[in-house]
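Each of the next two complexes has chain A plus one other chain: chain B in the first, chain C in the second.
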Partner chain A sequence: MTRHAGGARSGLTIWLLQRASAVWMALITPVALWQVAGVTDYAAWLALFQPLYVKLIMLLTVIAVLVHAWIGLREVMMEYVQPMRLRLPLLFVFLAASLLCVGWAAHIVWVVV
Partner chain B sequence: MRFNIYRYNPESDARPFMQAYEIDFDPQGKKLLDALIAIKEQDESLSFRRSCREGVCGSDGVNVNGRNVLACVTALEGLKQPIEIRPLPRLAVVRDLIVDMEQFYQHYRAVKPYLINLDPEPENERLQTATERAMLDGLWECVLCGCCTTACPAFWWNPDRFLGPAALLQSARFLLDSRDQATDTRLDFLEDPYRLFRCHGIMSCVESCPKGLNPTAAIGRIKHLLVDRAI
Partner chain C sequence: MTMSRAKRPFYLNLFKIWLPVGGFVSILHRATGVLLAVAIPLLLWAWQVSLASAEGFAMVQKIVSQGLGAVLYFVVLWAFLHHLLAGVRHLGFDIGWGEARLSARRSAWLVLVSAWVLTAVLL
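Here is the complex of A and B:
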């Protein structure tokens, strides 16, 4: 089957991203909780974040949370914030805040710990 | 029996109001529509739609004690009194319990609810295997009463852009028909942020369907087709 041009085709991609981020969070959360449960002091906490793959997984998880949250907020606003002049700035503010959070998380994972 | 019925005549009433009725009526074995007809005998200004009185025509959808139902298949017994009867939510009221279904039908027409097949017409009929036919069960039974769509909050917020569960169920009915050839254009039409994807799967439609159908599952099957096509 082929796809034809035309229309705003963002529905499926955004819905899939929401599903994918949900699956990622569902898989990671129990593992993270189980790992953190064994941590008793700050040294162990630091050691936990030393391997590169842990840093990458953490960053990916932060991105999944923010993508999921942004899509959720977009869904809420498509229903409750009908005036476009209000909805669009709000979506941009949330997007900017999300990007800042990603940068902040990267900083924490690579520089702080 | 005691009733509280939504009344509104745009020609004479400034605003809608609830009118109380009390009738001497034995509810045993009777349906809500029987009571409405008895009330209309007492007050013939009360307006409501009804036709087949057995859950096939789908014209007497009303909101009873907060739930969308077909009056003709809803048992009177067990309903909490006074029974509150209102028109289906979100649609414009023409008069009393009669709503303007135009928006609903517009969405229905938009999904092209007919078989699109460009092959030469066969001598007799287009055949299906039993399995192909079984794909349509749970989809063809819809009577278009509007109970599901008007119970859907996604439709309440975006009634002009979200197609609503009834139209999407009909879309699925033709998407999944082995004889239909327009799958691609049908999916193109639905792949939009509003028409299909306003559905959050809260299953209000399933809860309110008087025919026991599952529009949420039908919408899930459409999403499946969309994902299959995209990936």
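Here is the complex of A and C:
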């Protein structure tokens, strides 16, 4: 049996992270839809993201989305991108892009005052 | 044995074989997942612009309500809802709900149809 880099032993953690992020997103979606449905103009949209707890929830949600997406893309690539010299750099690029997105999201909620 | 294997029909005409509905939902779950991952930067951009100013807010509203932007908005909304519903179905399987063939088939149809219904409701 061969062990693949980025595969062996991390499976259970990754499986759990995928489920935990999924549950969080499934729970937050109805709340988000409900809140957004009440927004009619820019002022209301801005006011929605002003409380600190909303900023934190948004940041947590963005992180959940990115973790979930990264694991999903990894799953897809484990089937369609077989060569490791291709798959690993791609996974790294997705990771870097995800980190950039977290920073971006933090900036977005930060500037709302 | 080799004889019977040789005589087996080689049948990969995709117009003649059809996946069970569960397989169809599963492939769509994967495809919508990839699509949604690609949409993340777009959504972050729209979020940022819409919060930055009243003009930006109006601009994003305009983009999603006409032309290519509206099509994209529709596709992403449907993809999100399909992925969400199919995902909840899979979480059900994780804890042993609806694993029997009949109920799994029913829930697959339910996911397929409700994703479209919800998209229509939310659009």
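The rule is short, and it goes like this: the second predicted complex is superposed on the first by the 103 of 113 C-alpha atoms of A that agree within 3 Å, B and C clash if a C-alpha of one lies under 4 Å from a C-alpha of the other, contacts with A are read in each partner's own complex, and residues count from 1 in each chain.
Here is the rule we use: a residue touches a chain if its C-beta (ideal position, glycine included) is under 8 Å from a C-beta of that chain, and two chains touch if they have at least 3 such contacts.
Since the structure is predicted, the reported quantities are computational estimates derived from the model, not experimental observations.
**Q** Considering only touches as defined above, state whether A:Y80 meets chain B (first), chain C (second), both or neither.
**A** first
**Q** Which of the two partners, first being chain B and second being chain C, lies in contact with A:A105: first, second, both, or neither?
**A** The answer is second: A:A105 touches chain C but not chain B.
**Q** Under the stated touch criterion, which partner chain does A:L27 make contact with: chain B (first), chain C (second), both, or neither?
**A** neither
**Q** Which partner, once the models are overlaid, touches more of chain A's residues, chain C or chain B?
**A** After superposing on chain A, more of chain A is contacted by C.
**Q** Okay, in this complex, where on chain A does chain C touch?
**A** Per the touch definition, chain A meets chain C at residues 19, 22-23, 25-26, 29, 33, 41-42, 45-46, 49, 62, 65-66, 69, 72-73, 76, 97, 101, 104-105, 108, 111-112.
**Q** Would you pull the chain B residues touching chain A in the complex into a rising list?
**A** Touching chain A from chain B are residues 153-154, 157-158, 183-185, 187-198, 200, 223, 226-227, 229-230.
**Q** Contact residues on chain A for chain B in the complex?
**A** 1-4, 6-12, 14-16, 75, 78-80, 82
**Q** Chain A touches which residues of chain C in the complex?
**A** 30, 33-34, 36-37, 40-41, 44, 47-48, 50-54, 57-58, 84, 87-88, 91, 94, 122
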